[in-house]
Amino acid sequence: MGPSGAGKTLLLHTIAGIYVPSRGTVRIGGVDVTVFPPEKRSVALVPQDYALFPHLTVFENISYGLRTRGVGSSEIEERVKRISEELEISHLLHRMPRTLSGGEQQRVALARALVVEPKVILLDEPTAALDPALKTSARSLLRSLHAKHGFTAIHVTHDIVEAIELADRIAFMSGGRILQIGEPMEILYNPKSSEVLKFTGEINLYSAEIVGSKSGCIVLELKPSNLRVMAAPIPQHLDLGETGRVHVVIRPEDIVLSKKPPIQTSARNVYEAVVENLLDRGPIYLVVMDVMGIRLKSYITRGALEDLRIKPGDKVYAYFKASSIRILGVK
Amino acid sequence: MGPSGAGKTLLLHTIAGIYVPSRGTVRIGGVDVTVFPPEKRSVALVPQDYALFPHLTVFENISYGLRTRGVGSSEIEERVKRISEELEISHLLHRMPRTLSGGEQQRVALARALVVEPKVILLDEPTAALDPALKTSARSLLRSLHAKHGFTAIHVTHDIVEAIELADRIAFMSGGRILQIGEPMEILYNPKSSEVLKFTGEINLYSAEIVGSKSGCIVLELKPSNLRVMAAPIPQHLDLGETGRVHVVIRPEDIVLSKKPPIQTSARNVYEAVVENLLDRGPIYLVVMDVMGIRLKSYITRGALEDLRIKPGDKVYAYFKASSIRILGVK
Amino acid sequence: MLFILIPLIVLHIATNYFLTYKLVQAEIVLRAFITTFTAASASTIILAILGIPLSYILARREFRGKSIVESIIDIPLVIPHAVVGILILVAYSSRTSIGNILSNLGLIVEDNFWGIVFVMVYVSAPLLVDSVKDGFKSVDPMLEYVARTLGAGPYRTFFTISLPMAWRSVVTGIILSWARAVSEVGALLIVAYYPKTINILIIEWFNTFGLEYAKSLTVPLLVICIVLFACIRYLSRRA
Amino acid sequence: MLFILIPLIVLHIATNYFLTYKLVQAEIVLRAFITTFTAASASTIILAILGIPLSYILARREFRGKSIVESIIDIPLVIPHAVVGILILVAYSSRTSIGNILSNLGLIVEDNFWGIVFVMVYVSAPLLVDSVKDGFKSVDPMLEYVARTLGAGPYRTFFTISLPMAWRSVVTGIILSWARAVSEVGALLIVAYYPKTINILIIEWFNTFGLEYAKSLTVPLLVICIVLFACIRYLSRRA
């Protein structure tokens, strides 16, 4: 993960063997492959624009890697059939890539990479070229493929949401350097440099557990405390798995503050919070609060700040609508 | 104004004489110029990418139209100097266009068009290529130029905010047809087709008057009623003129509803409202309310709606932060 | 690559530059150079006058049969050189009806300066038109529209906007067509052996005096062509 | 445009097709056609074998002196045809040291089939390399990288991805260089008058039998060239 221009794609190409680094080594499964050509590395690359071979049919695209390995034609048929069914692209096998939609192209590119059963699969911003509506379903497809096939995926993205949703470990890159490597929570809760901090931003991001539902909303418990929040129903395409553990985001501008407790409103979540810090952000202020061990961040105007006379240590009421909670997905 | 692909630019080019229409006539100041070549029409075109002549200096660009008219060189010097000072580009006159920033290029293109004193000036999305930060200042520049020079400007945009801010009359186009022509308020308050309605959206848009300021905020009176609202201070680049009349926008998602009056909060504006209508918008509802003759629209979740048991005719409290009010500009 | 380069190097080594120096001063050689370069220049000027407006129309307008016109202009690129000679003679020699009109205007083709020019125009037309057309295509038409709305008529717009902006391609096209004109010999052998152009003189001397003399004659010609070529590369690099 | 078209029409009208039919069956004419087309085909095959990999390297790799290599390859475009003949003779005739080695391999240049091929390769090399290079440049390198990660070696990638995707430019380049090879006459007059190619036969007949015979000889050659030209246009239109 990292901002654009951080060298993420270049790193991916170095791993794939497209670039040979002038210093350093590339190891895959303990083997030093630095000087190996790409075809000897057992890595499969899914570039950002998918790079389907335009002169070959979908079937020929998917089977390309098998044919180069000299797999027998009946086995090719069999394996292409299996992966196509899994990715729901069996009906596309005779088509040419240029006739496919973005989402279809992505699945064909994934099938082409997966069918050779590589040790490592390199995904270069796989959702960047998709419509917003397709992004989420593409992410859950990647998650389920990963769960089933157990390959190592190196997934490049500049989208913090995508990184958190999918990654076991995140490497944060900027200016050609990896600034931090760790589990998503580690990166988010313990950014080791101001670059990382700036990128993770001032969003409210929590790990949470679904504990029930009430009057059309679902009830979440924010971790590590047991703070309960009400959220709008989860979109159907999100597969919640069995744990019910999710990540949620609340934008600071969606959180309203008051000095006195508000009465029951459509802003469903009301909490008593202790102000920890006030940070000047130009025309607005960022108020950092603590709610039962959960850190909550809210933007308020300079005028409101003066009027409410908020200062660190104060007790305030923070509240936000159930619809302000964005559920990112299962972890 | 209209969505992209509506034929706005084509219409502009037809007025400029770049396309000769197969049917219909073009009249400028009562004269039928349909078959006139562009150079006989006294229109000046400022295309979207400004189309400065890259092989000429800024001075030569601006003076191009004067030279074609055979204006004497001392008068050219004089007039270019005047318009450059007005547009604050005197220091750029010796530069080549490719060395200019987007905002500078725009001003040079405007100077090149204005210096020939055309009857009509055609602006094709003049702010579309600018940074968001420059958009607002470009709009106020256009407004002040228009006020000073008194040309007729035909300004193409797909941005409703820009249209409302700048136009005396708006023609709404879609699919190559003009669906409605009228003053901005007429288009907004009385859209004649569902196309127009969809484009003007469900934003809360009001005419307002600045009546004072209080604790760092300014106080506005929404028209036609005398509803007072608190808004964050006006950005400096907005020239409020002398009337103090402005347009303001509040997004429906920024308005919070409750059944009981909330206590003083950082959401500074609290009103008693009567629910007029509830409209299903998929996962959320649009609540249309009346506050002292002002129509207020808010989105709430299905869960909140059920919980609050809102129905048409009910009295609710609607409130929003001062920072939620966006001041569009003077009218 | 070496195959192309070796002859150039060997020629340089094997040339008797003293002989070259003497030969260039011989009247017949000088006259052949003058004939070649005047004819090439005349043909390029004619082509520029007729071809630049044509290129502009092909770059800007869409009309029925446009691709046929473009194809016809490119035909000389694939016609064998001897065939070009025959074609010019068949169509424009003074015995034909068109040739008759031309010769009344003083434009005699057979063994005449104008025959050389005709051949040169024929073979170099596609190079000029294609290059200039690409140049005009790369000029944003919006610049021309803006110039028009600023009061410039179509001619003024062409000369103040379109032509200055496409100048690199125009110059490249002119050099290419000039070099192609100088190169031609096959068609000239048929249409106009006289007045002798430098290429014909090289062949004639090769046949009568042998390689040594012919070789010395090629050096100045080669130098001129390679310098022109360097100009083209320089122009296309900067664009 | 008309200037180019008129000769083609006039030739069509003025040709004695009966004579053409008879001439094409004459042994000397047949042999000239065969010589021309075999030599052109041989030179094109040699060029394809050497030129396509070279084009690929020029399209894909960056190295010092790349632009010099590209310039050298384009030089034959601007060298006058008679000069090309002299250059080939100077470098590769059997009296030179390189030519000595070549003639020991049976590749004699003077008045020999291989001389024709040498000339043809020299003049058509830039056309093939430039066209094929553009073709490879238009293939997204990412497609090649992906093929490599899927297990294809560099050669397999070239033959299954790069070459099939650039085939239009490759075919266009081959046709252009073949047509250019057939066109050449100036250099052949110097390097290899014998075995007679069709262009040389046209010039010879024009000098001995006059326009009527030469004219009839050009028609089949012209038809072949224009058909090939139509193929190129068709290919470039579809791309």
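Which chain is which? They are A, B, C and D, in the order written, and residues in each are numbered from 1.
We adopt the following convention: a contact is a pair of C-beta atoms (placed from the backbone, for glycine too) under 8 Å apart; a residue touches a chain by one contact, two chains touch by 3 or more.
Remember, it's a predicted structure, so these values are computed and weren't measured experimentally.
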**Set of chains adjacent to chain A and to chain D** = none
**Item:** Furthest chain, CA centroid comparison against chain B
**Value:** D
**Message:** Nearest whole angstrom, what separates the Cα centre of chain A from the Cα centre of chain B?
**Reply:** 37
**Mean-CA-position distance for chain D and chain C (Å)** = 20
**Distance from the mean Cα position of chain C to that of chain B, given in whole angstrom** = 57
**Message:** Suppose each chain is reduced to the average of its Cα coordinates; what separation in Å results between chain A and chain C?
**Reply:** 62
**Prompt:** What topology does the chain touch graph have (line, ring, star, complete, other)?
**Reply:** ring
**Request:** Let me know each pair of chains that touch one another.
**Result:** A-B, A-D, B-C, C-D
**Message:** So in the complex, the part of chain C that touches chain D is made up of which residues?
**Reply:** 1, 3-8, 10-11, 14, 54, 67, 69, 71-83, 85-93, 96, 98, 121-122, 125, 176, 179-180, 182-186, 189-190, 198-200, 202-203, 206, 211, 214-215, 218, 221-222, 225-226, 228-230, 232-233, 237
**Asked** If you look only at chain D, which of its residues touch chain A in the complex?
**Response** 140, 142-143, 145-154, 156, 160-161, 164-165
**Fill in**
Note: in the complex, chain A contacts chain D through residues 13, 16-18, 37-39, 41, 43-45, 47, 49, 51, 53-55, 64-65, 68-69, 112-113, 116, 118, 122
**Prompt:** For chain B, which residues count as touching chain A in their complex?
**Reply:** 215-217, 230, 232-233, 256-268, 283-284, 299-308, 317, 321-323
